[in-house]
């Protein structure tokens, strides 16, 4: 079987394995206070073009989301996000477990707009019984989103502006950021994120690391005492160096970006084939995730050789599925998938 | 500098690094549902002599503690533990953050007794306003404890009996279990733990792994829906295999036990030197942690070559410190420490 | 100004004031362990036709909702409810503050159906990554609902059956139950509620009491240690007798039911006038709440003499508003409202 | 039987019952936004000599404690208090249920000192692994304390100063404040409390009200959005006027102070008798609570006519008990108690 179902089916990029091996017996302080973490953080600050950023390394995406949101909010405040947002539907209520309501807005292709945020917040404030409702205080977005779409620079600027105007925090989940930065139609840089978001993270788990996300905090109000919160939520590794070594490697020699570029190029090849075959998509996209719609019968055939992810039923005889490429995807497997798609579509 | 300050200063045992390298490009399902996790769990069940145990792999000790306790307790219930217990003083209120009070009992050398538990629970139940107090429902112990001491089989049997009699859960934190099982005066086996505890964990982070603890649940009431709780607390790795591969390795070829035995043998050598020099201890011990008491002046000299951990001030001119050995400690460094101790004590 | 905006604008029914005065200097035990509470609970058990019910008196609706739900759920579990449900939108995230997600379903006139519950739960269980989502475990309904609609006996039986079949709890918020039981088209009794729900409450605050709700627990699994939870959430009054005295009074001489009947009769009179004037409704209804739709201009006039509650904008020139009757509404004020409505509609 | 066991055995002062009766049919807005609450708050501000205080009325003491502490703290922060503090041992973990650890300090007669606070906080900050421990951020004290003792003005000034110097909040639980203000050796005024504390409350439940505590917030940082927190914790009464009417009454015509003075005078009479009989005390005191130590045999006799509260066993044959006077205590009953004590002590 050939796996296209997700971007976390293998271990890690070999450069990371090398670095772990090379440093294995070096003795360091624990809990992220080692030189590797310091160096990785410094490289991230440089890439973001700002020396005043706080950078913390967390174990995974859910951990990053719940720790950041818990650090940011007072008890009566909630996080606005698209109904498809990861924190809303795919983290077993991790945010609610810290006491905060997720305020879900209807999304478009996995995204929400500045205008939606403004309307929601103004309506809250205008309501005569506003104190009976959760106060919106943070906007959570993902880019690439759970549906593989990207926020444009203009969209992020509008969101950032409305958040600042209304006193909300803007938090960007970048679990797949590497694949977004490399997309053909991306016009956003790390420096833009550091300028426009109060906090965001650079995903490692899905972009070549064994595990780990680099949380970048631009707003000092959110940075205060952040390590206490990491510890409290069980996210502080005794051997914090593991995250430092991984991100130090990813942020060296353009590795993070070249991993993204390669995976997106392979996804583009699959998209080109689908376009050629006039296969429709559930949502448009340009990153490492592709959501084509196929007849059930074709998927049954395809499943004999490939593993993919079920997304949703579209009608009685069609389903949308997800293909992912990643740092580990081989050219050979992509060629084989494209070939198989061509044969199966023709057979219909 | 030579580090004896803790047991998490290096990466991991080379057998684990080899296994991670060997399996790196194998594709597996995510979130701990891979064959490595299954195999590691199976080996642990076998070592415990029971096929009905639930085994889950968690990222670290705080994560394991908070997830187990949150899974076990209803909102009004609390966890009894020694005042020195890790959950009481060294996890930034992680248990309280899940809503539960830690009910601290005065400990003796880091341990609490069955009799203390019984008295506390009976006093609670006899109080006419018991509903105004947190209900004790779980007993948390560590073995080795935070002070390096061990529960004997008799002590564990007494605790287990009182817990069953009174309807409490017994939870053993085994962050350093490998060093406990190998201690000269240990009379407890994994099978004993599985028989006497409702839940316990086998520590990996401090015993040769990069990170990870294997939670073993013997009481089915605690096992129900446990994976939901892992996910909710941000402890479910996308690449759960990382934990499976590590514990599969540790549980093969007696590796976990030989790591423990070697570290304890080196610690015994240090203890023998201290005994010879008639250095007093803060607490007695037989595992990989040693808590000798030295004059401040001697420690000032020692600190020029060795890194150790400050434990507590004993009197105006003496402090207790901690030396740890581990899977990574070298014979050479132990010899050098013993030599230095001899010289410094003589010089006094 | 004449107030029709809600059912909690005045103090309490005079019988309750008399009872509080009469008993004022009687000495009793605190915290709800007095004879008045015992007697009120006994009367409620009798009215429900079951001796095995646990009855607890809580301060208010939000307190009752959060305490019951917190008592019922494990950390990873959530409460299904209509999107209009009080816990979803009007309690400042009180349920989330106890760690639990509210799982909002699209409602019809403020209600959800057995079929919706079944579909949601079965879809959850069928999802391959169900552990990444909050587990539905409790169904929260209000009857009368926030929109003044009622669950019929058939609807409740269907909900109860699906909950039992799927292992969920059914919880009915009866903040306005007295007005529901008295409605023309109601076919449900207290005995039905005790038979079909795992837990429900009989609202006092809006039905003649100064404050207080009587929580009736039919499922022993939810009753265990319930008083600990009341105390923990700050809902246990030192002078718990205040609630006992009030419910003892309400449950005597048919008072609770006659309060409901009188308020509903007055609401029926308003509905008859609206029907005669062919005023449309936002939702149909038969209890003490009425949601007519009027032109903005008419409402502007009406607001000069009457206070009512804004419900929602219907179109550019029309709004739905809410009129409430209650135990304290006078015949005179209802006559005046009907007269005013007739004049204003004619003037249009 | 004559009850001296607590100060909440009866209903309320008759002036309050009169006010509730007189206002019963007046229509007001709900949720504490009525004129009675405004007037009561205004009177409290005047008594405290400051116009900038936020005043909120809560249902009871546990509710006030948990709401204030939850409003004040970030997730990793805890509340310092005496081991005997009400939040530590008598509120079923209500503070922990909001996620915060109670950091108990050994108290002296129910009190903690500025020096203890300073040492604890400085030790925390000096610890190299401070992020692994709960950050002390709020000091909770009760005056009168749970043992009936009072903080002197000098003690409060020292606590206030250390809190401001170290960036902590000072919170005073005044559940029995009325009895403290009236004590012979009290040198503190409401104005002092408003000046020295960040937040405190004036207890109503035990000082003549049916129920209710007036929370006075002097630090604007704690006042922000406080009503959201009241609502979230289920503490916002629909008929918030009930609290306004009660505190408006208590704060009029010196009522609160004269209630306190009368109860303390009666307690002083009992103390004079005990002194005359040379009965020892568990703790000294001057408020409405008295903690004498008696032989078991005497208490057995006394219990035939009087209800008192068990405090603790002192030795094999002696126990400390508690007598309380209150707004409702009669001169006749106090005379009878003094008489009985004299007879029983003589008989020994």
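Going in written order, the chains are labelled A, B, C and D, and every chain counts its residues from 1.
The working rule: a contact is a pair of C-beta atoms (placed from the backbone, for glycine too) under 8 Å apart; a residue touches a chain by one contact, two chains touch by 3 or more.
Note that this is a predicted model, so its numbers are computed, not measured.
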item	value
Those chains which touch subunit C and also touch subunit B	A, D
Greatest separation from subunit D - chain, by CA centre	A
Inter-chain centre distance, subunit A versus subunit B - centres from mean C-alpha coordinates, in Å	34
CA centroid of subunit A to CA centroid of subunit D, Å	50
Rounded Å distance between subunit B and subunit D, as computed from the means of their C-alpha atoms	42
Per-residue overlap in subunit B, given as positions that touch at least 2 other chains	75-76, 91-93, 97-99, 129, 131-132, 228-229, 231-232, 236
Parts of subunit D lying in touch with subunit C, wherever the complex brings them together	3, 6, 8-12, 14, 17, 20-21, 23-30, 59-67, 91-94, 97-98, 205-206, 210-211, 228-229, 231-239, 241-242, 328
Of subunit B, residues touching subunit C in the complex	31, 70-71, 74-76, 98-99, 129, 131-132, 135, 225, 227-229, 231-232, 236
Residues of subunit A that touch subunit C when the two form their complex	75-76, 78, 89-93, 96-102, 128-129, 131-134, 310
